[in-house]
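The data blocks that follow each hold one structure.
One chain, subunit A, appears in both complexes that follow, with subunit B as partner in the first and subunit C in the second.
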Partner chain A sequence: MSWGDVGAGALRAAFPLALWGVVAATQAAWRRDGRFLASARMTAIATLALVTVASLAMVGALVSHDFSLHYVAENNARETPTYFSAISLWAALEGSILLWTTILAGAVVYVAWRGTRELPRLATTALALLFAMLSFFLLLVVTPAADPFVRLDAVPLNGRGPNPLLQDHWLMGLHPPLLYLGYVLFSIPFAYAMASLILGEGGDRWMVATRRSALVAWALLGIGIVAGGWWSYNVLGWGGYWAWDPVENAAIMPWLAATAYLHSVMVEEKRRMLRTWNLALVIGTFALTILGTFLTRSGVVNSVHSFSQSAIGPLLLGYLAAVLALSVGLLLWRSARLADSGPVAPISREAVFLFQNVLFVAVTLTVLLGTLYPLAVEALSGDQVSIGSPYFDRVAVPLGLALLFLMGVGPQLPWHGASRATLERQFAAPVVTSGALALVALVVGVRGTAAVLAFALAGFVCATVAQELARGIRARGTLHGESATTAFANLFKRSGRRYGGYVVHVGVAVIALAIAMSQAQAVQAEATLGPGGTMEVAGRTVVFEGLRDVVEPRRTQVVADLRVIDGGGSAPLVAALSYYPNATGAIGSPGIRSSATEDVYAILAAYDGRSRAWATIQIRIIPLVSWLWIGGAIVGIGALIAALPAARARERLVAATVPAGAGAE
Partner chain B sequence: MRPRVAIALGTAALAVSIAVTALPRAEPQEDRVERISTELRCPVCQGLSVADSPSDMAREMRGLVRQRVAEGRTDDEIRAEFRQAYGDWILLSPPLLDARGAVWAIPPLAVIAGGVLVARRLRREAAAPVMVTPAQHAAIERRVLEEALAE
Partner chain C sequence: MSVARRTTAGASGRRLLLITALAVAVGIGWSALAALGPSAIYYLTPTEAKAKQIAPGTTARLGGQVEVGTLRYDETTRDLRFILADGVTRTLVIGRGAPPALLREGAGAVVEGVFATDGSFRASSVIAKHDEVYAPPSPSQTPPHRTP
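Let's turn to the complex of A and B:
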């Protein structure tokens, strides 16, 4: 039996099981029948086992170069190293949908076994919805739309090999699965929200119960996006990490909407407000994950015309339309039970959250419409227009700075409003810090208004976090008589959500600073040099030592050996162009020397093809860019702290949240 | 230092810094070349600008921009020349005053509409002064500390 038989068989067995799961979970929720719930649970396990077998069969086929499968022949070659063979599971459409399906099956098992214990009826209803989503994705992989196990009649001797960009850097093993995990885990809050509407619960239980799923999904998506930026910085060879490409926009839109959601849920928890709004945000976030998949997977972003050539495009669009119609319909049907109340003081934490939500939704909307605009123009008039970084930058920078400001203000304001004296006491240190950092920015030579503001606001945010920590330590000292270090540790242990959130804020401030500096203060130079030739960039001398050819089984490279000489000494740096048999152009492999203060980024732009007598070298000096990746890691650590609250406290919280309107379970 | 004084000083430092960045500066020719190049799309790349792309094509286009800048052409003239040659597609964002410039209106409209919606919900909660005994005061202080630690 071949890998293909195993995989195809497993998927074909999983599809009817998932359909049964919809029936069983629906029956379990409707009749409150424990036997159906038990059946749904076993079905969940069996489905996950089958799709996992299918994914592993695909990995096995890739690693063993089984070219009798169309997917392997298209995305693998005998020369492909094992690591890149294995991660080619997500090198193209069919494998990506298979990975997606596997993660979704995992989410189904989580809700079936864990969720139904906390909130039997709500989670069982959500489980039926998740089984329905799983059925849709299984339908894609058992029909020609995205069947990964299509066979070839004539087995080729060798495959085409993966897209060169996907076999050039280890980060490809990390970036796509993180994104998919983030995307798919948003299904859980969405399913609970819809279940709550179906059952007519007016309360917040769905939200409290899925708080952790939403946070984990948000964090994984965010880290996935940063990892993608890091990958593009290392592989695409232009010294940047973000180009507002439609594929990038597709990833950031759900993240932006989810960021708004994670904050506005706190308003609902504290003030019992914004119920409809939070449901709308969850629907929007989930719809954006599907839209993102549609945009990246249907080929529609290259041209509206490639859309009709893929079978998956119309199916995903239909799925999106169905999800939106059903969820918005449910929301309207139940809107009477989602009463909102209470005045909002203008200077209060909830007011800041409201404005923060407005800004996040405005950014999301801008990215969405900016991404769709060229498609709409092309579809309506046939003209091609571009909406690229000049547009998005000009919009995102002011809105981003405003958000950074609110990020510092929000945690400092109490709920329900504050007095003038409180405000002055709270903001004295942060405002002084921000003024001082603005001056520091000027002294180190920053001249852009946005970059100076980024300095000031990053300082503002960090100062508010430091002040909050100090306040918490003092409060624990007074209440429990703890020493400063014990109090510090206990703050993170006992109030992880809050203080983990502050760590996330620090990470975001670091990222903002890194973006501002790397964008505004980068220096570049270009020169065509013969061996031994030198160029000067920002106080450094770069020596071009010569070119050499490197021949590997899967590619050939032209490598430029460089030496960077600065005050601290000299170090070698290697920039290359790689040629893969299945790609027409060269793939750049920049040479990067990172330090805490700046990166030296070397690009081999052109060279003498005949005698290797000269090369055109581009050098970019990019300040603070490594802090972008470090900031991403800080965000991840903060989210981890926030996601790991004491389990008992969480259960108490779920139990204590009484649904309004509906009867108890 | 009293909080109010500190806030005044910090704000002043911030205002001075922003004012310094806003001072008019002569733009060196190479900066102008860079700025115009960021607004042009590299025809052979995936959505990269002429300034960012390391490709040969982009280098040639940068060279042409540099030449036009040296000849003393205005930004609009240079943009128009590329638009003539490649079509609207070559500009990475539509000009503001153009039939398709409407896309620039989306972000401000979204912020204003959202801001108005939120502002309509803002109400000042009436706060009357309340007299408390020292014992009540201690209890309140404790509550405040506990709330400071709550999630």
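Let's turn to the complex of A and C:
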């Protein structure tokens, strides 16, 4: 039996099982019959086992270069190293859908075993919906739409090899699975929300039950986006990390909508408001994950006409339409049970959350408009149009700064409304810090309104967080007699959601600062040099030592050896262009020397093809850019703290006695 | 937190807030729509550009073939010139800086920039066009080889 037989067999067995899962979970929810629930649970385990076997079979086929499979022949070659062979599971459409299906089967098992214990009826209804989604994706992989195990009649001696861009950097092993995990895990809050509407529950049980999965999905998607930027920075070789490309937009849109959701959830928990809004946000987020998959997987981004060339495009679009029709229909049907009321003071935490939501949704819709506009123009007039980054920047930069401001303000305001005294107590120190940092930025030579504002607002956010931490530590010291370090640890242990959230805010402030500085303050120089030639960039001397050719089994490289000399000494730096046999173009491998203050980014732009006598070298000095990746890690750590179950035993005592504004989570 | 303040900040506060939020949303939406048209960059062949009579100064993207025997790059002045052709129309493209390493005569290229009044195209970026087989395969891939 070959890898292909195992994989194809496993998927074909899993499909009817998933369909049975829909029936069993529906029966279990409808008749409240424990035997059906037990069956649904076993079905979930069996389905997960089968799709895992299929995924592993594909990895096995890739690693063992089994070119009898179409997918392997297209995306692998004998020369491909084992690591890049294994991660070619997500190098193309079919494998990506298989990975998606596997993660979704994992989510099904989680809900079947964990969720149904806490909320039997709600979770079982959600389980039926998740089984239905899983059935759809299994349908894709057992039909020609996205069958990964299609065989070739004539087995080639070697395959084409993975796309060069995918075998050039280890981050490709991290970035796509993180995005898919993020995308797929949003299915859980969505399924619970729909289950709640189907059952006619007016409350927020669905939301509380899926708080953690929404947070984890959001964090994984966010880290996946940052990892994608990092990959792009390391591989695409133009010194940037974000270009408002449609495939990038496809990932950022659900993340933006989910960020709005994670915050408005707190308003519903505390104030019993925004019920319809929260449901709309969770529907929107989920729909955007499908839209993202549709945009990246149907080829529609390249040309509207590639849409009809495979079955996957129409199927995904049909799925999106069905999801939207059903969910919006349910929402309208149950709208009478979702009424909420309550006053909103203009200066209160809920008001800040409201504005934050309006801004996040506005950014999401702006990105959506800019992403879909070229498709609409091409479909209607046949003209090919692209929307450049000025459009996106024009909206994203001011709104991003406004959101940064609200991020500092929100946690400092109490629910229900704030008095003047509260405002003074909460904002005096952060505002002073913010002004001081803006001054420091101006003194050290930062120019540009957005960059200086980013400094001021990032300082503002960090100061509010430091103030909250200091107050929390002092309160625990007074109440429980704890030392500062113990109190610090206990704040995170006992109110992980709140303090984890603060850590996330610090991470976002760091990212904002890194973006502002790397965009506004980067310096660039280009020179064509012969061996031994030098160029000056921002106080550094770059020496071009010469070119050499490196021949590897899977690629050949032209390597430029450089030496960067600055006040601290001299260090070698290597920029290269890699040629892969299956690509007409070269892949740039920029030389990057990172430090806490700036990156030296070297690009081999052109070279003498005949005698290797000269090379054109571009050097960019990009300030603070490594803090973008560090900020991503801080966000991840914060989300992890917030997602961990809190030790809640004595939290109430503390929360009830600390000063106003610090009391509410 | 007094009961009195809650009631004064009640229904009217909520309405005020909703109206403000709505105004903000409309403002953002309006500014986005206004920015959309001017930011749209048409992707044309030289023949289409000629037919459409793209005004000098309007950013456009031209796709075509680098005509064999026309690619010139002067290392000292950093002046880059080539003819971009689509079989019917030939357009002189003038850029600055070294051509991307994979730009070859006879191969496809995409240039972004503006037409000058003399009909030549002043490219702000030159991208060598890739083999069509390698369409974006991953969820976050940007087009390779931007040369700003």
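Here, the second predicted complex is superposed on the first by the 646 of 665 C-alpha atoms of A that agree within 3 Å, B and C clash if a C-alpha of one lies under 4 Å from a C-alpha of the other, contacts with A are read in each partner's own complex, and residues count from 1 in each chain.
FYI, a contact is a pair of C-beta atoms (placed from the backbone, for glycine too) under 8 Å apart; a residue touches a chain by one contact, two chains touch by 3 or more.
All values reported here derive from a predicted model rather than from experimental measurement.
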Superposed partners subunit B and subunit C on subunit A - clash or fit: clash
First (subunit B), second (subunit C), both or neither touched by A:520: neither
Partner chain in contact with A:384 - subunit B first, subunit C second, else both or neither: both
Contacts of A:469 with subunit B and subunit C, given as first, second, both or neither: neither
Subunit B versus subunit C as contact partner of A:296, first or second or both or neither: second
Partner chain(s) touched by A:370 [first = subunit B, second = subunit C, both, neither]: both
Touching partner for A:250 - first (subunit B), second (subunit C), both, neither: second
Contacts of A:90 with subunit B and subunit C, given as first, second, both or neither: second
Which superposed partner A:232 touches (first subunit B, second subunit C, both, neither): second
Touched partner set for A:583, first subunit B, second subunit C, both or neither: second
Common interface residues of subunit A - those touching subunit B in one complex and subunit C in the other: 237-238, 240, 243, 245, 343-346, 351, 354-355, 358-359, 361-362, 365-366, 369-370, 373, 377, 383-388, 390-391, 394-395, 399, 416-417, 526, 588, 605-606
Touch list for subunit C against partner subunit A, complex: 1, 5-7, 9-11, 13-14, 16-17, 21, 24-25, 28-29, 31-33, 35-36, 39-44, 59, 61, 73, 75, 78, 97-102, 107, 128, 130-131, 134-148
Complex contacts: residues of subunit A adjacent to subunit B: 237-240, 243-246, 343-346, 351, 354-355, 357-359, 361-363, 365-366, 369-370, 373, 377, 383-391, 394-395, 399, 416-417, 424-425, 427-429, 431-436, 438-439, 441-442, 446-449, 452-453, 456, 471-472, 475-476, 478-479, 491, 494-495, 497-498, 526, 588, 603, 605-606, 618, 645
Interface residues, subunit A side, partner subunit C - complex: 90-92, 96, 163-166, 172, 175-176, 179-180, 224-225, 228, 231-232, 236-238, 240, 243, 245, 247-248, 250-251, 292, 296, 299, 301-302, 306, 343-346, 351, 354-355, 358-359, 361-362, 365-366, 369-370, 373-374, 377, 383-388, 390-391, 394-395, 399, 414, 416-417, 419, 526, 528, 558, 577, 583-588, 604-607, 614, 616, 660
Partner subunit A, residues of subunit B touching it in the complex: 1, 3-4, 6-7, 9-14, 16-18, 20-22, 25, 38-39, 41, 46-49, 52-54, 56, 59, 87-94, 100, 103-104, 106-107, 110-111, 114-115, 117-118, 121-125, 127, 142, 145-146, 148-151
